Amino acid sequence: MVNANMDTAPIISVNDTWMSFPGKTASQPVHVLERVSCEVQAGEFVCIVGPSGCGKSTLLNIIGGFLHETRGEVTVEGARVTGPDPGRIFVFQENGVFPWLTVEQNIGFGLLSRPAAERFERVNHYIAMVGLTGFEKSYPRELSGGMRQRVEIARALAADARVLYMDEPFGALDFLTRLKMRADLIRIWQAEKKTILFVTHDIEEAVQLADRVLVMTKRPATVAEEVAVNLPRPRDLDSPSYLATRDRIFTIMGMDAHGGGAGA
Amino acid sequence: MKFGRTLLFFSFGWLLLITVLHGRLNLRWFEPEKEGGGQAHKFGVGFLPVTCHLTCPVTHFINQEMAGEDLFKPMRFNGWPELKEMFIGRSHEMPASFILAPMAIALREQGVRIKIVYLGHRDGSAVMVHKDSGIFQTTDLKGKRIAVPGRYANQRLIIYRELKKAGMTLDDVTLLEMPPPDMPAALISKAVDAITSGEPFMGQTELDGYGRVLWQAKDVWPGFISCVLAVHEDAIRDQRPAIQQLVNGIAASGKWVDESMEHRMDAAKFVSTNYYNQNPRLLEFVLSKPPDRVTYSRLAPLQKDFEEIETLARETGILEGTAHFRDYVDDSFTAEASAMEAHQFEVTK
Amino acid sequence: MSESPPPTLVRRGSFAAAAFVLPGIVGLVFLAGWHLAVKVSGSDIFPTPGQVWDGLGELARQGLLFKYIVASLFRVSWGFGLAVLAGVPLGLVLGWFKPAFLALNPFIQILRPISPIAWIPVAILWFGVEDTAPVFLIFLASVFPITVSAMAAVQNMQQVYLRAAQNFGLSGIPLFRRVILPAALPQIITGVRIALGVAWLVVVAAEMIAVNSGLGYLIIDARNAGKRYDLVVAGMVMIGLIGLLLDLLVRRLEKFDEVRWGYGQR
């Protein structure tokens, strides 16, 4: 699935990217992203954190191909991004599971071109992986929020996506479900060797999940700092190194808040 | 998709079922065609369920009984606008129709190429008031509300003619246009003070005991004409024998109806049941009380009758006066028709 | 949106009986009031419920009642069926392609408020007086509500479904069939339900044209038939009852799993 030459070249590469939206008046566009550059390696789990509304979702949507950058260059898997791609599936903040399809129909959605036997096998494999065995024939409205989120992740995995873009996927879940979903996601990621780019405003979540955390500034946003999280998994949430990494990101964002105020 | 398949299955099943049922019950599908071909090949003649058009169903019925086939296809309408639209808009299907005389003249003035070839009846109209009302003569109508069938109805002209005799004008009354079937209800609820239209709707108020005749058309305007048979010029040119046959049939039927009270009662019965869908008592009443309430014998179109209609219609402003007797009447069918004897026909009992 | 147990319907049983008993009581009170009102007013023209019942019996014995119901259902089925076939695809296209919407929407909004009664002359001129003309009128009355609801359904569709579909590489006809249509379906069905009500509503007007069968014809014919207002009211009663049945039937559509998500939790 992952090409040999991808081991060296980054799978995602964002190069000096700018993004503006039309403002209330045509002469004053709203600058959302400024001079953003970053890279993600194949198989890496990268989190993007930043203050609410800073533009991290916008960045993910540009990389995912749903928005087009104003200036700059975004390259994924060696090609300029021009639109969404079935090999790179987006998991949405507002649940994107189709409510008119059953759990198994949803998970098999990206597999319709495959032979029936293979489709059946893959669907069942991923239903088991996300722990939804017994709910194959259920409709999303019959499931809880966390179960629906797992359906969406399974749908992305079943379609054989090499890259998952996740936009605050656990934002709407309650605390316990969120903890469980994080553990499940790490387990699946380790088993499947996918590349995951994960947007969240929750610093703890980022440190629990990521190999590397990109910390963004307030709007117009840019990457303030990259923090590598060199902690063994499963992570001990009471260990000093975990807390140190977390506090470091807090500091970066806190300083950024002061610095942003002074600079304006 | 379960939803899609269920929906498709039921929709098509239902459409098939209802179409077959409708064809079987209302369109006479799956029945062997009658000898001499179906009605589809015959030209249509429009009529309303009123006594002014009685000769249309009578001719059709007697012809069917005697010759065993249809002379034409009687097309029953429920109101003037629909009848007129069909007549002027789809003349290939319905080249002939019974129609109000002033309406036929007005259509001619507006450039519709139709000709009046025969009359439908004479007399057969009345002005009715509520039996409790204090209206006993024309002058009592001052300031009252009178329902008339429409702008081009001859009943409008008869009101105007009577008011003029009494030294009044149409400004002394309020005229309301109303479909004749609604008039009895309007009179009983006293929504209007007087009503006038063709029979049987006037007779109905008398029969039901709340209407009183102010005057009968035959008494104040002898030989009163309300409706005529009009035919498109194309049909006169292309289907002359068939039109002549129709006019002859109407002449013979009219004479047959007027021949005896027994014939009138027979006609009341078979027309009510087969064509009008009314209680036969109603037609029996208006065809007999009195016997000359409506007559069907002198049906040749005469110039002096139409000139009077023209004058009155011009004075009340419904006609411009640009079309004259020779423009809108073709009496070339009259001679042969008027020579017809009454049908030699008795209803088998 | 939090982790909550799947909703279940527990209120059913106790309400099922009430759903029949309560309207039954209201119906009886209405009939009694109607009967009394006719008696007290001494009206000779307006029929009592008993007379209407007798009128229905008379029609049923003559075989006319069934014939007329079939005729009206036939015209409504075809007029309405064609309206669905034309209106849903048209609405989907208009909701999806902005230029088509800009070009056609004003005309639809102009045609929409014109009563089918105003179209009667046109219907006669184009289609004569057989079944085609009333079918055309019923089609006209129902096609606009369907088109407009399908159009709005696509325009109001949650963007996340569209993005998810595009992410899986869908476009063109498969995108329409697999995502846009199912996403719009609940709202389309609501529009279709309203349109069926309208289609049935105009059956009287549509049958004012010289057809010689149907419940609308029954009413108009009864007015021609002298003092037969019992048959007029009988026609009204049948139209009302069949309208109720049709609505119950379309409501069944909303119970399908594929669309139930669109109607909230009931």
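By written order: A, B and C. Residues from 1 in each chain.
Everything that follows uses one rule, which is that contacts are C-beta pairs under 8 Å (C-beta built on N, C-alpha and C of every residue); 3 or more make two chains touch, one makes a residue touch a chain.
This is a predicted model, so every value here is computed, not measured.
> Which chain has its C-alpha centroid at the greatest distance from the C-alpha centroid of chain B?
A
> Could you tell me which chain's Cα centre is nearest to the average position of every protein Cα atom shown?
Closest chain centre to the overall C-alpha centroid: C.
> Whole-Å distance, chain A centre to chain C centre, using C-alpha means?
47
> What is the distance, in whole Å, between the centres of chain B and chain C, each centre taken as the mean of its C-alpha atoms?
Inter-chain centre distance comes to 36 Å.
> Could you grab the centroid distance between chain A and chain B? Build each centroid from C-alpha atoms only and quote it in angstrom.
Chain centroid spacing, chain A to chain B, equals 81 Å.
> Can you list the chain C residues in contact with two or more other chains?
Residues 185, 257-259.
> Where on chain B does chain C make contact in their complex?
Checking each residue of chain B against chain C gives 1-3, 6-7, 11, 14-15, 18-19, 21-22, 25-26, 49, 75-79, 81-83, 85-86, 89-90, 93, 179, 181-182, 184-185, 188-189, 200-201, 204, 208, 210, 276-279, 282.
> Could you please specify the touching residues of chain C with respect to chain B in the complex?
Within the complex, chain C touches chain B at residues 44-45, 66-67, 70-71, 73-74, 77-78, 81, 120-121, 124-125, 128-129, 131, 185, 208-210, 212-213, 220-221, 223-229, 253, 256-259.
> With touch defined as at the start, can you tell me which chain A residues reach chain C in the complex?
64, 66, 83-86, 88-90, 92, 94-96, 98-102, 109-110, 139-146, 159, 172-174, 176-177
> Touching chain A in the complex: which residues of chain C?
The contact residues of chain C facing chain A are 1-7, 158, 160-161, 163-164, 166-169, 179, 182-183, 185, 257-262, 265.
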